[in-house]
Each structure stands twice: as C-alpha cells, then as structure tokens.
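These are the structures in question, set out in turn.
Each of the next two complexes has subunit A plus one other chain: subunit B in the first, subunit C in the second.
The block that comes next holds the complex of A and B.
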C-alpha cells in the first residue's frame, strides 16, 4: 500500500453537506466567529466510515467521562478542605451533610475507574485496528499524553481524601523519585514540598488535581483535531476512499454513540449505586496516620499492571540498582507506547487480516490483565518470578514480537474498500466509484 | 450506671497492648467471616429502624465506654426514628465543652442536637494511655474501613450478587468469635490478648469479649443473645458509616430502570436510522 499522502485517490473527509446559516443572526455570527460552522462540520457533517463497530464509541464515551469528572469535581471542590486536619472529615461531611454529596462523590470516585476502563478499551481498540499507524502517529501519541495526564490526575486525586491509602500511596510513589541518582532526593522533596508527605504535599496535589483535567481537555482538543485531519480508522483498516465509504456523523454516529454511552452508563450507575466502594480500598476510610503503615499498600486497580512492572525489577543491572530499575521499567512501559507506530513493522492496519498478530494481541491482553492481578498480590514467593516473566513479555510484545511479526507474517486478503467490505462487492454499491483504480493492488501481498 | 462502669473496667483490664502480631500477611483471619442476611443488602436494601435503635442501645451501653463516634451528631439519630424531642432529651444527658465565657473559662454545658457524639477520652493520648497503648478505633467509618479480602473468584461473583457487606460481616463475626479454644499452634499467644479466629491481623486482639448474653436489656422482645447484639450493633455501625445508604439504593433502582428504558429506546432509534444503510 502506498503512503497515504502520495495516494491520489485518497479523497477522504469529503463532507456530507455544508453549514448554511439560515437566520440573520446565524449569518452575522458566521462571518465573525464561525463556531457553529466548526461544530456543524465536526459533529454533524463530519464523515465517519460506515462500518464502525461499537468499539469505536469509546472516544465519545471518554469525552463524556471527562466532562462528568470535571463537573462533579468542581462541586466537590466547593466543599472539600485541603488540610491534613480536615480533609478526611470534609469528605465525610460531603457524604453526610451536603445535599446529594454522597452521589456527587461516588460518581467522581467511580468515575475515575470507569474513565480508565473506557480508556483501556479505547486503547485496545487502537491496538487491534492499528489506529496508531501512518498517518495517525501524532493522534496516537497525543492519546498516550492524555493517558499520562490521566494517571497523574488520578494519583493526585486519590491522595485528597487523606485516608491511609492516600497517604501511604503518595509516600510510596513519590519515594520512587528518590531512586534517580544525584537529583533524586532533591526531586522528591521538590514534589512533596518538604521531607515527608504533609500539608504542602496535599496543597499542591489539590492544586494540580484541579489543573490537570483542563490540560487533559486541551490535549483532547488536539487529539480530536488530529482525528478530524486523518479521519477514523475502521475495522477493515482500509482508508476511506470515496464518499460511499462514509456516513455523516449525525445521525449515524450520534445515535450509535448515544446508545453505547447509555449502556456504559447503566454499568457505571450499577457501581455508583450498588457497589460504590467495590473498586476502592477499605483502608482509605481510616484517616491518614503517618505512624501506622498499612499491611498492604495497593494502588487503585487501574495502576496495578504498572505497579507490578515497578516491582518486577528486584535485581541490580550494572550501575542501576533495583529501585531505580523498577522506576525506569514502569516509565518505560508507557514511554514504549510512543514508539509503537515505528515498532510495528506491518503495513496492514486491521488485526482481522493479520492471523499471527491476532493471537499475539490476545496474549498481550491476557498478559496485561495477569500483570494487574500480580500487582495486587504481595511481592513475595511465586509472585515475584511470575511478575518478572509477565513484565518481560509486556516489553517483548512491543520490542520483539511487533517488529518481527510485520516482516514474517503473511496477511490475509483485504477488501478493496470499505464499501466492498460492507456490501460484499463493489458492484453492489450501485455502481459508485467505490474502488478507485490502483488503490490497493494485490492487497493480500504482505505489506 | 454501675453496669457501665463495670463494662468500662472489664475493657480497661482486657486491653493488653497494641495488636501487632508479626506474622506473614495473608494467614489471617484464621476463619473467613460468617455472612449475615442484612436488611441493607440487595438492590432495595434499607436500614431496619428497630434494629438500629437496638444497636444504638448496645453501642451506648457497652461500646461507647471506649469507642468514640466523632462524625455522628445527635441530630443524625433522627434516621433511627427518634423525634426531635427525644433527640434533645438524649443530647441533654451528655455534656460537651461550651465556648469560653466572658472570663475565658471553658465550662461544660449540656449537649444539643447539633453537637457531635462526645468522645469518651479527652484525646488520643489519653485513650492510648488508658488502654495500654491501643487506641480503640472510632466507630464512625469502621463498618466501611474493615474487610477481609474476598479472593478470586469471589470478587467476580460479588459484582453480580452486589455483595458489599464484607465490613459488617467481619465485625459481626469478630463480635461473636470470642470464647473459642485456640488451636494448638496459637496456644502461646500473649495472655493480655484475646484469641479470636476472625480477627484480621493476627490470632488475637486487644479487645476482650465485649458482649455476653443478657448484657443489654432489650424492651422490644428481641432475643438478648450475643448473636442478636452483634447483628444489631453492626447494623448500627453500618448506618453510622453510611447513613445515606437507603437513599443511594432507592435512587439507584430508579436510575437504572430509567437508563435501561432509555437504552432500549436509543437502540430502537439506532435500528431505524441504520435500517436502509449497510454498515
């Protein structure tokens, strides 16, 4: 397949209809600040591949989750007191005395988990359908930036209720920064605002916890912008080639996204109302006590795979001691995602046409879940070697499997176009120009 | 009053020290908690007010001698079915520190409905000193701050059964778990501690058996047994930890029905929109 930029037939993003202001006010605004036009072009006329499945609805779901977290967070901030003496009790006052405070807090608390659940599904979708491949490298990397910001936001948010896990989680995580040579201890003290987790730490974490979601929102705008430049991928992995390949965003994607969103919210609501503390840890209902270490310090579930990788390095590697090694491995587990577009040597996007990668994809998913489970276990006995094997495989998937697979795998025959894939043959599409000449010659030939 | 003092003394003598038993984590508790069919379980669960009142009575007459409940105010007892007059009468039985008077003295005054439950100790240091170093935990969140790990695959099934009573089940099991002969391997425990196979952090804990049959005089005909006391006071503790639970479950029921119907309508709309479109 030729590079998209040099493909003369790649007439993507041909919009369905155009914004025509009908009222005088509409025309007046359009000539000065065409914001309604932007919204119309982005969410009404914007063309989406006609064959998107439900895994493609998670981008929209994530947008709603971000809005939901920011809104509930703003209301929580009206009642929260960032003080080591009052933080725990102010959260309890929200739960007991603020009107519907329990609801707002449980939404926010479980919202973090469901935000991560949705983002993991969204990323797995990207991995499966090769959404990171050219020309969507920047789109993917912006997504990784969002993930990093989300992790920082969630970590700092978990510290705010000032329970035992808040305090000790903050202590353990910031403690890792002291592993860096020379600058480590200074870096840790700079992060904490002191020698230990205390009032200064809580104040700055609160400030940053309020700031970072807006930075996420900013990167989300870039992410969506990049998406609207390249267009979406689709389950065939074949680029949009003609207008017949697409449907206008509204009503098609709108109604499908809305349905998926409401189903997602049914599950979300089930946890908010019936299992609000299922994903949390009971120790965080004990006020923080700097003199009493909990038996197990366990992060929230969405950090567990990364926590397992952190603990996997129990040996020194040359000048790098095990502590620094663990920290580097944990950061590397995210950083490696930035290089994914170049580590995957296959030109075929969709895993549907990659029989070998399909197997490795599912092994990767199972391994990631297994890593998460290992992260919840104490770092002792059989768990340590299992964590090491699992961590090795996590990196091997990106650094060994993906580069080699693209070279040795023979992909299955791919359809000429989305229209052909949907309708069975190009002819059935009503004679439209669904298969531009020379678009994908011999698609079964491995890329 | 004599009973109250006697109970307090029993408690004081029994507190042998901090309950830190250096054992590999994961070995405890020796026995998994026993499950109780709580009124607040399930999608329509709610508190049983009569039970909460009995549990409050047990707390007031037994537990409150050592355990504070800092986050619960007298006004909150309205949830238990008491009238404003009853709450004011109850509050006036207790004394709290008044604001400094014009000469700067801090005198005691009768508590009001807006006051919080008075702490049995002046501060944590006093609590630790009297109890041989172990501060009796505050009751406000205890039912949500304790849980025995459910383990795989139970934690998966719990999603579907809505099991979220591991805190109350643990407390109930602990309260009814005294008086058993320690297994031989635990025979050499500190005599100041009490063996309890349900304790989460070791074979024995500092708190001596707090409840005995006929210890608290019930007036509603409920059985005056350790088992009943334990259930009642645990339900009360769950209420203290999460007084908004009934609103949460009632609203959840409506929200989920609403969202489900909405989802069906959206699905039908989606089918209609895509009816003539291959996708």
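The block that comes next holds the complex of A and C.
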C-alpha cells in the first residue's frame, strides 16, 4: 500500500489490480500502443468511492447520449438537404419515405431533450455535492464549456428542419447580436451570411451542427481525464483516503451505471414511441415563412430559463440599453458558472453537512424551474416583474448567497472517512488495513 | 556572422535567442492572422447576397391615400403607407406625452419634393420581430398581434412592450410614383 498523500485534499487513487496482457498479441500491442491498458486502468481497475449514489450515474448516461446523438445525426445527414427550398420537405421525407426514418429522427429530436435533462441533473449533482471545489475546478469549468457547446449545437440543430419556429427562433436569437453597439449589425450579418436568416445561414448552421458534437466529444475526453486525475467526489465530500474507501469500477460502477442507463432509456423510449412531439412545438410543422410570424415564439424547454433571463431586462442600465442588457445577462448566467469554484467560500463539499446551504440549494432549484416556466409565458403583465425577481435571485445565489454563506455557516461534523460513513466508525477504525494519517484530522476544521 | 559571436557568453546569446523567438513568433502570428482572414471573411454576406441587397425601385403609383403595401428589401419586409390628410394631422397632433420614444413627425414622413404623405418603415416589430397588422383610427397605424405593441401611422411606438419606433430604411422618392429603398440619393 502506498503512503497516503501529505495533502489531505489529494486523493490516494490506488487502483484495484493491474493490467497484465495474457496473450502474445496482447503483449505485442501493449508494448506499442497501450490502449487496452488505458481502458483497463480507466474503466476496470479504476477506484471509485464505495458510497456513490445514483446521481453519480449521469456522467455515464451523458456519454451514451452523446454517442446516440452523433449516430442518429450521421444517419439523418444522409437524407437531409440543407436548402431553404428542400430542408422542410427532406425532413418530411425522412419521416414518411426513409425506412425507419421516423424512428431515427424521433430519437434525435427527443435525444436533445433527454441530453439536456441528464446534463441538468448532472450539474445539480455537482452543485449539491460541491463537485466544483478544489482540486476539481478545471473539471467543472470543462463541464461548463461542454454545456455552452451543447447549447450552440442544439440551437443550430433546431433551425435545420426549417419550420416556422426554426426560422423565427433563429431570427430572434441572432437578432440579439445586433444589440451590441457599433459592431452589432455587422456582426449579425456576418453570423447570418446575409441581411436576414436565409440560405447561407442554414448552410453554415448545418456545417457547425455537424462539427460541434465532435468538439464536445473532445472536451468530454479532457473532462474524463481531469476526473481521473482528481478522482470522483462522493456524497460525503470527504476525499478517498485509503483503498478500503473505494471499489473497482468494474463490476461495481459498471453495473450501477448500466442499471441507471436502462431506467433512463426506458423513459426516453416512452417519449420516442408514445409522446414524440410532446416536447416540441406544432408550429415547427409549418414551413418557414419570412413574412409571417408565429403568434408566440418560444424556444425549446431546455432554453426557457435563459430565455426568461434574456427578457427580464426591460430597462436601461446606465449606457447599456435594455436589449443589450438582456443579451449580456443571458450570457452572464452561464459565464458565472465558470467562477463558481471561487464564489463558494465554504470548504465543506457535501451539502449533507451544510444545513443552511441545503435550504438555499433547493430554493435555487425551485427558482431555476420557476424561471423556465416564466420563459414559456408571454412577456407581459405580471410575468415581467416576476421574471425580474427570479432573475435577480438567480444571480444573487451565486454572487451574494454563496460567498457569504461559506463565512457564516457552521457545518455539521463530517465522517472521518468514506468507510466510516458507510460501515460505521467501529468497523472502519478496526479495519486491519489501518486508517491513514490524513483521515484522523478533523475534516470539518481543515483549511 | 562575425567572430565575436563565438566569444559572446551565454547571457548575450540568450538576448539574441529571445529576439529570434519573438521575431519568429510575431511573424508566425501575422501569418496565422493573414491565413485566418479569408476564412473569417468567407462567412460575411457573399457577392450574390450583396447584389440582391442593392437598392430596389418600387412603383407606388397605384397606392391611394389610406392604403399601404408591404415590400421586400434584403429579404426583410417594409411597409409603404400613403397617409390621408386626417392621418397626417393625427400624427402631427401627437406629442412626446403620447409615446415612448418621441420623434417629430417631420423626421418620420417622406415623399417627393418634401411632401410628407408617405410612411416607409420596417415591418418587423421592434419587440421580437413579428409583423404588425395595419389598423386605422385614433391615430393608430399598426397593432402587433404577438404582444400588443401599438404604433402610430408614422411607425412610432405608442404603447406595448416594444421600446423603439419602427426603424426607417434609407429611402428616397425619385419622383411622385417611384420609391427607391436602400439609398438616400436618387
């Protein structure tokens, strides 16, 4: 057993077993490109905390969602025509003429929604268990980059069917770039490749919609790499201190991930087969008409909280007019996540041991859902002030609540180790493998 | 190279190497920037789109006072509305108290030889880009069906969520019957 690290923040990631190629071919490959070794070390022998719950399975689910979207997307691209004259009809041809085209398209369409559902749960897990805190700041920030790429990909993908919502959604969203002073209109025309949303816009959105998922895959590799350097967090927030705190990835995490995946995909399949258009807008089955606006332009559900923030700024802020202010607020609502590791001043990771933050966490979740609901309402009447209050709270959570809470809150005593939390202190301290030195320090006092 | 080069100690050489590094880096940055520019520029509106965005000439001889037509320029719709005497008076009677972003009516109307009987404005609501419907009476000119913004006959916002007036495109009347949108010089 290796000596425990002197820095209590560092996990001692001791792998369970080592890769030993048994065949001659295996040995030959291992000496030239040790890819099987990398896979073995990352997904078989890799140590995971023994107390992970089902919220920790969403990373795996998200990986499969990405594969699912890329695969269905590649097949859709074989039949889709990126032309303002044919795009709508080619999508209808996929639905009616292409063998199983309806299935592939419904998987892709609903896959976007379930991708975002999984990523929001994954992020909420990170917020609850303090997964963004040292030493996992870069891991978290890479996650925010993935979120931004996902949002860009989803927005551009929604434009491709060239229905009414596709066109007017693109028009409204790209219209916000014109809010920037001086360069705004030029920037918008450069993004659109024209004076209005049109053929050139559709073509480039198609190109980028195909490209960005592979960039997401690249950042996912960095994300997993960063994860495997620091190790996973766990519901106690106490770092792994000895080998008895962990279990090998296979079979324990593999089976747990697989089970969660099946349950998630059962729900996904229910939507694909029984409610395929439930999450979409009927208006998008009307071909795009640049001279006729749909009565009520709303984005897909996963953009609604951000759309609400965009519309919350109805007043000028100094030299910034309301339109630009809305755009900046919307971008800021994501950018603020990059600074989260430094805005949260508490050293305690898990919300289980933060009685005050636990309340604020749930207020934040309810507020985020409320923001989404407001985003689906028309921008008038009582909805406008409610959206403003809700938007204010969204930012206050990060900029006021988190910095102050860490300074005034008294956390509960945390277990000495993961093993103690799981098996009780008697068994943990009586274990023959001995508790390493780092675990005996009172973790709630650690700097 | 002089023989001095061989005698110089490491520190002087480091200075030279730094200079070479910076010079190479700078040249590389210029090369990358120069190479990137064609790709960035390729995304701007192409020649065909720009050609189609040239000023358009519209024959307005058939538009009687009280009527409006919708025309396209740069694939965006514009209202061309010929005002009646009453509508012109109603627009002139509105003051800064009646609207959010007051502009004098003379700045909003146009026509040949300075006659102010035409309203030429963008047909996209300044709120979220919907196309307002034409209405008449009470000094109102357009009513947006999406979120209820109301504009006067000169395209000025009276009430509703929109914050700014319908923008004026560059335009000029070449004659009584010929309107050019896209330029201010006939």
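Definition applied: the second predicted complex is superposed on the first by the 421 of 447 C-alpha atoms of A that agree within 3 Å, B and C clash if a C-alpha of one lies under 4 Å from a C-alpha of the other, contacts with A are read in each partner's own complex, and residues count from 1 in each chain.
Simple rule for what comes next: contacts are C-beta pairs under 8 Å (C-beta built on N, C-alpha and C of every residue); 3 or more make two chains touch, one makes a residue touch a chain.
Quantities reported herein were computed from a predicted structural model and do not represent experimental measurements.
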Touched partner set for A:214, first subunit B, second subunit C, both or neither: neither
Touched partner set for A:277, first subunit B, second subunit C, both or neither: first
Which of subunit B and subunit C A:378 touches, first, second, both or neither: both
Greater residue coverage of subunit A in the superposed arrangement, subunit B or subunit C: B
First (subunit B), second (subunit C), both or neither touched by A:193: second
Touched partner set for A:54, first subunit B, second subunit C, both or neither: neither
Which superposed partner A:296 touches (first subunit B, second subunit C, both, neither): both
Partner chain in contact with A:265 - subunit B first, subunit C second, else both or neither: first
Contact residues common to both interfaces of subunit A (with subunit B and with subunit C): 295-296, 378
Subunit B-facing residues of subunit A, complex: 50-52, 89, 92, 95-96, 102-103, 106, 247, 251-252, 255-256, 258-259, 262-263, 265-266, 269-270, 272-278, 282-283, 285-286, 295-296, 373, 378, 422-423
Parts of subunit C lying in touch with subunit A, wherever the complex brings them together: 43-46, 49, 53, 70, 74-77, 128-131, 145-148, 161, 163
Residue numbers on subunit B that touch subunit A, as the complex places them: 25-26, 43, 71, 76, 137, 140-141, 144-147, 152, 158-159, 162, 164, 166-167, 201, 241-244, 247-249, 251-253, 255-256, 259-260, 262-263, 266-267, 269-270, 273-274, 277-279
Subunit A - residues contacting subunit C, complex: 168, 171-172, 175, 189-196, 198, 200, 204, 290-293, 295-297, 314, 321-323, 378-380
